[in-house]
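Have a look at the structure that comes next, please.
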Amino acid sequence: QPAERVTLQLKWVTQAQFAGYYVAQARGLYRAAGLDVRINAGGPDIAPPQVIAGNRADVVVEWMPAALASRERGVPLVNIAQPFKRSGLMLTCRAETGIRTPADLRGRTLGVWFSGNEYPFLAWMARLGLPTNGTPAGVRVLRQGFNVDPLLQRQADCVSTMTYNEYWQVIDGGFTPQQLTVFRYADQGVATLEDGLYVLESRLSDPAFVARMGRFVRASMQGWDWARQNPDAAAGIVLDNDASGAQTEAHQRRMMGEIAKLLDTTGGGRLDPADYERTVQTLLSSGGESPVITRAPTGAWTHAVVDAAR
Amino acid sequence: MAEPVIAARDLSLVFTTRDGPVQALSQVNLDIAPGEFISLIGPSGCGKTTLLRVIADLERATGGRIAVNGRTPEQARLARDYGYVFQAPALFPWRTILGNVMLPLEVMGIPRAERAARAKAQLALVNLAGFERKFPWQLSGGMQQRASIARALAFAPKLLLMDEPFGALDEIVRDHLNEQLLKLWAATGKTVVFVTHSIPEAVFLSTRIVVMSPRPGRITDIIDCDLGPDRPLEIRETPAFLRIAQRVREGLRAGHSYDV
Amino acid sequence: MAEPVIAARDLSLVFTTRDGPVQALSQVNLDIAPGEFISLIGPSGCGKTTLLRVIADLERATGGRIAVNGRTPEQARLARDYGYVFQAPALFPWRTILGNVMLPLEVMGIPRAERAARAKAQLALVNLAGFERKFPWQLSGGMQQRASIARALAFAPKLLLMDEPFGALDEIVRDHLNEQLLKLWAATGKTVVFVTHSIPEAVFLSTRIVVMSPRPGRITDIIDCDLGPDRPLEIRETPAFLRIAQRVREGLRAGHSYDV
Amino acid sequence: MSRAVLPVLTVCAALVALWYLGAVWMNWQLVADAQARAGAAPDLAEMVRLTLAQPRPLLPAPHQVVAELWRSTMTLPVTSRRSLVHHAWVTLSAALAGFGMGVAFGVALAVAIVHIRALERSVMPWIVASQAVPVLALAPIVIVALGALGLEGLLPKAIIAAYLCFFPVAIGMVKGFRAPDAMALDLMRTWSASRGQVFWTLRLPASLPFLFAGLKVAMAAAVVGAIVAELPAGAQAGLGARLLAGSYFGQTLQIWSALAMAALLSATLVGLLGLAERAVARRMGPRA
Amino acid sequence: MTALLALAATAGFAGLIAAVHAGLGGAALWAGVAAAAGLAAWLVQRLGAAPGEGWRGLAAPLAFGAVVLALWEVLVVGLAVPMVLLPAPSAIGARFWLALPLLWQDFVQTFLKAVLAGYALGCGAGFALALLADRVDFLRRGLLPLGSFVAALPVVGIAPILVMWFGFDWQSKAAVVVAMTFFPMLVNTVAGLAAAGALERDLLRSYAASPGQALWLLKLPAALPFLFTALKVNAPLALIGAIVAEFFGSPTVGMGFRITTEAAKLALDLVWAEIVVAAVAGSAFYGLVALAERAATFWHPSVRHG
C-alpha cells in the first residue's frame, strides 16, 4: 500500500522549535504510519494560513492568535492538536535601567513583535493601564525585527524574546542572567497558545482525511516525545535539515532543552479548552487599532483528530 | 515630349506646428521629362527639400496633385522607382562601406553574389575602390558622401533625387564629382532632380534650373540651360555660361530676403 | 612693418593617436601684421583648423614657436585678445539669441545694462534685429551662424579668428555677409584670420592668401591679393581677380590628392 | 585600462581606511559596555584591538569580513550547505533565469511599443506605476499565489527577479529602437523596406548600446530580485536566506559576508556583460 | 464611435460584475469575460491611436487601467479566489475608504518624512560628489568603477545594517533611501557634466572663463537632461527603499510596517490599499519630476519634439 502524502508548513525557519516533526520524519515514524510527509520551512514573511488557503499544505503549525484571525478573514482554520502547552514568550529588559516590576515599564521603549504576535503584549498593557500610542504616560513601542539588537545597542529598554531562542542570544551578547529582568507572559496571565496544528475546516468533513491526520498527529507526538527525551540527538536531526547552513549546534541543543519545558506530550496533543478560552479572552481584551478578532469564534478547534489517533 | 517622369499640378504643403501652420510649398507646377537634369535652387527654407520629399513619398502633399512615372508617389516608392541621396551621408556606422552600399540590394532581395559585384562596381565609379572593408568613420567627409552616392546608384534607379549631395566638399573634390555625375547621366539617360546652393554648379549640371522663393515656397522662375551635353570644366568661364549664371543670380536675388 | 600680431616660426604639431602619430602641422612660418586679412585655404585635413586652434591656445604646438601680440598664445587668450568663430554655430540651446550674444560679455564681467545694448547692436549688424527673444533651434542654419558671428564681435576683439564661418550659407546670403565683413574690417582695422574652402571668397576678402597642403600640413604658397580696400561684388568678374583666383586654384590643385 | 588602476586602488584604500575608522567608532560603545560589565578597564590600544575583533560587531572590520568569506567559501566543500559557494549558486541560478525572462519580456515589450503606438499611450504609465509597487511586499503573495498554480522552486524566484529587471531593459530599448535618426529611417522608406527589414537592419543594431546599458542595470536588479524572493521562500537556501538567517541570529559577520558575496556576484556578472559589449562593439567596427 | 464603444464596454463590464456578484460562473463567465475584454481591447486601441494632448492623452491609460480593474473584479469574484490570496478591487476600495486616516498616518511617516528627506539628501550628495569628481579627474576614474560595485549591493542587505546604525525611526529609512539614490545620481551627473560639447568648451576657453563660470554657464545646463534621468529613476526607487527598510524594524506606523504586519494578519485588503497608495504616490512623484524636467529642459531635442 503506497504511503499517503501530507505536506506540513512550519511557522518559522528550521530550528529545534519544530524538532518533533523532523524527528518523526528522520526516525521513520511517519513512514511507519503509512505517510509520506513533506516539511516546508517557514520564515518571517510566510503566513501559514495563506499557504494552506493556496492549497500548498495540508496542515500548518501556527500560533493561535494568527489562526483565529484567519478564521475571521475567510480562511477557516481549525486546531486539531496542541503539542505546546505553555507559552515561551517573554519581555526581557536590561536590569541597569532600573526595571524590576511591570509598573516600572511606564515611559520605557519596548521592542515588540508585530504580525499578529502583539496581542498578548497589548492585552498586558491594557491590564496595566499603560497607553501604547507613544504618550509619555505610557510606553514607546518599536516594531522589533528578527533579533535582539535593539537591546544590545540600547535602542530599547526591553525586547521580546522566546525562552528558547532570543533570550539566549541576549546571553550570548554578553549579559548575565543577573543583568536582565524577565517578564513571562504566562506569569502575567496574558499568555496565548503557541505552536498548534491547524487544518482547513472544509476538509474535516472527509473521514479519510481525519483518519490520515490522526495518524499524522500520533506520529508527530511520538516524535516530540522522543525529542524531549533525547534533546541532543534531536538537535542534531534539526541541524541535518537546516538548508541555510547557518544554525549552530550549541544553540540548537539549548533551544531543544527549553522547548521540552513547553511541551505536553501526555495527552497525545489534545487541546485543553480552558487554555483556548484564556487565549480568546486575552485577544478580545487587547484593544488596539485593528483588533485581531472582533468576536469569540466558534468551531475553531476539534478533538476529532486526536480521538481518531487513539 | 514623352510621358513626364514627374508631373506636379498646384502642389501645396502645409506643416501644422505648435505655433500654427507653416506653408512650405504653394502652387507648385512642374513637369520633368525623362532624361532631364533639373536643379532646384533657392534660399534656405524655400521648400527645396520639401519638394524632393514629396516626390519621394516621404511627405504627403496637402493640396494639388503629383504623379511620379504616371503613378502616385507611394506606388512609385513601393515600385522602387527612385534613388535618394540625402544632404548628410547617413551611412550605418556598424556596416563596412561595402555593406552600406549593398544594403538597398539586400532589402530588395537581390542574390548575395550579385550584390557584392554590383556594389563594388559602384564604389569604383566614385573612386572608392580599395575602401570596401573600411568603416564609415575611417573615411573623410567627402569619401562618405561619395559612398552614399554609390549606395543610391547601386540598384540602378531610373530617377535620382539628390539633396545638396556636394555641400560639404571642397572645391576641387566637388569639381571632380560634378564631372563624374555628368558623365554618368549622359551615359545612362537617368532623370535627375538635384538641389544645390551653388549657382555655378546648377548651371554646369542642369538642362533646366528651377528657382524657388520662400514664404510661401513657390517656383519663381524656370531657366533653360542649353549648354549642350558636352561640358568640360572650362565651360564655366564662357560668356554663355556666365549669362545663364547671371540670370539665375537675379532670379534668386529677387526672391530673397535677408532675414531667412 | 609694425610688430606682427602673429609670428610663427617652424611651428609643428603632432597628434599622438592609437594608430601612431599624425603630423598635422609642419614647419609653418607665418607673420601677420596688424590690420591684415589673411585667408587659409587648402584641402580637407591639411591643418587649417589646427593652425587656428594653436593661435587661440586651444591646442599646444609640439615644436617651433608662436607669438600672439608678442606674447604666448595662453597669455593672449587670458588677456581676451581674440574672438573665435567656429565652423558650427555652437549656440547654447537654453539661451535666447540675445542671451547667447551676451554670453562673452557676461563672462568678462561687463555690467548688465551695457551687455544688452552691445549685443543688440551686434545682432542688428548681422541683420538679426527682431530675433533677440528666439531660441537657436527656432532659427535656420544661416541665422544661427550669423548669431555666432555677432557673438564673436560683441566684445570687440582686435583679432578675429574665423573657421569657415559661411560654409553652410547659400550664395546670396554669403555674398551679403562677405560685404558686411569687409566693411567692418575696413572700418575697425581688425586683424582677421579666415579659413575657407571657397577660392572666390578668399580672393574677394583677403590681403594675403595662405595655401596649405596636407600630409604633413604645411604652407605651400602665400599669395598677395592687392585688389585695394574698396571691393564691390562685381570685382569678382575682373581679370585681376580671376588671375589671382587661378593662381590659388593651381596652388591648391598641386597639393591635392583625390583620396582625402 | 591601466590608467584606471591607480585611482581605483587609491579610492579603495581610502574606503578601507575609512571603514576601519568606522568600525572602531561604531563598536566602541559595545566594547566599552562589555568591558564595564566585566569590570575591566583596558587601555586605548587594547580597546582598538577589541573593537576590530568582536564576534558580533555593529560594523565588522574588513579583515573580519574577508576571513569569514574565506572560511565559508574556501575551507568547506562547495556542496556543503554551510558553503557560501553553494548559496551563491542557488541565488545565481534564480537570478540568471529571471534575467533571461525579464530581458526577453522587456525587449518584447519595447518591440511592441515601438510598433504599436496605442500600446505606449495606454500601457506605459502603468508600467511606471508597477515599478512603484514594493516587490518585497508582494513577494510572499506572489510566491504563494504561484504555488497555488503549481509553480515552485526556481520559477517564483525567477519571476520576481524578472519583474525587477524588465523595466530598465524595456525603457532603454524603447529609446534604443527609436535611436536611428529620421534620415536613416527615411532612407529605408525610400527603398520601401518592410517593418521587419527596418527592425533587423536598422533598429536592432542602432539599439545595441542602449541594450547593454539596460542589461547591466537589469543584471544587478535580477540579483537583488532573487535575493528578495529568497526571504519569503522559507529561508531555505541562497544568499537571501543567509542574510535573513544572519539577521535573525544577530550574526553580523554572516550578513556582511553574504552581502559581499552578492556584490561580488553582481559585479562579476556586470563585468561579463561589459566584456560581451566590447566583443560585440568590436564586431561592429573596431572604433570602441 | 469611440464614445459608443466606451459606453458598450462600460455597460458590459457593469453587467458582468453584477452577474458574478450574483453568483455567475463556469462557461457563461468565460464567455462574458472574453466578449467584454475584446470590446475593451478595441476601445483602448482606438483611444491610444487617436491623437491627443494633455488631458485627452490620459484617456487611453485610464481606460486601460479601468479595464484591468474590471477584469480583476470579475475574475476574483467569479472564480471565488479567497481574499487571503487576492482581494477584489471593490473590497480594496471599501477598505481604503475606511482606513483613510491610518493610510494618511503611514504616508506621512514613510513618504513625507523618510522618502523626501532621503531623496533630497541622496540626490544632493551624489550631485555634490559628482561636481568634485568632475574637477578632480583622479577621483572620477577611481569612483565610477566602484560606484557600479556598490550599486549592486542589495537594499535588503543594507537595510538591516542601517536600521542597526540609525535607529528605528524614519532616519534609518531615509539612510536607506540615501544609499539607493546616491549612485544613480552620481553616475548620471558625472556623465552629464561630461556631456557638454567640445566646441562649447573651447568657446568658453577662448573667453578665458573661470572653471566656476564654465560650470555654471555651460556644464550644468548641459547636464540637466542627465540629472533629470537620475531624478526620475530615483523617484520610485526612493519609495521602495523606504518601504522595504521598514520591514527590518520600525515604529508602529509607516507603509512598510503596515504592509508586513497586516499581511501576517491576512488583512490583504488593507495591504493592497497600502500598495495602491505606494503606486499612486510613486507615479505622482515620477510625474512631478517629469513635469519639472519638461520645464527645465525645454530646449532639449527630446522635449522639443514631444
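Each chain gets a letter, A, B, C, D and E, in the order it is written, and its residues are counted from 1.
To be clear about the criterion, a residue touches a chain if its C-beta (ideal position, glycine included) is under 8 Å from a C-beta of that chain, and two chains touch if they have at least 3 such contacts.
Please read these numbers as outputs of a predicted model, since none were measured by experiment.
Counted as hops between touching chains, the shortest connection from chain A to chain E is 1. Distance from the chain B centre to the chain D centre is 53 Å, each centre being the mean of its Cα atoms. In terms of their C-alpha centroids, the spacing between chain B and chain E amounts to 49 Å.
A separation of 84 Å divides the Cα centre of chain A from that of chain B.
Of all residues in chain A, those that touch two or more other chains are 45, 47, 50, 54, 145-146, 149, 153. Counting partners per residue, chain E has 85, 160, 164, 248, 260, 263, 268 as the residues that reach two or more other chains.
Each chain pair that touches appears in this list: A-D, A-E, B-C, B-D, C-E, D-E.
Looking at the complex, you find that chain A touches chain E at residues 45, 47, 49-50, 53-54, 66, 69-70, 73-75, 114-116, 118, 132, 134, 141-146, 149-150, 153, 155, 289-290, 292. Taken in their complex, chain C has these residues touching chain E: 53, 56-58, 77-80, 82-84, 86, 88, 90, 92-94, 103-104, 106-108, 135, 137. Across the complex, chain D is touched by residues 44-49, 57, 60-61, 63-65, 68, 85-86, 138-143, 145-146, 148-158, 160-161, 164-165, 236, 239-240, 243-244, 247-248, 256, 259-260, 263, 268, 271, 274-275, 278-283, 285-286 of chain E.
Taken together, the chain D residues at the contact with chain E in this complex read 3-4, 7-12, 15, 26, 58-59, 117-126, 128-138, 140-141, 144-145, 148, 216, 220, 223-224, 227-228, 231, 240, 243, 247, 255, 258-259, 262-263, 265-267, 270. Across the complex, chain E meets chain C through its residues 197, 199-200, 202-209, 213, 217-218, 221, 224, 297-301, 304.
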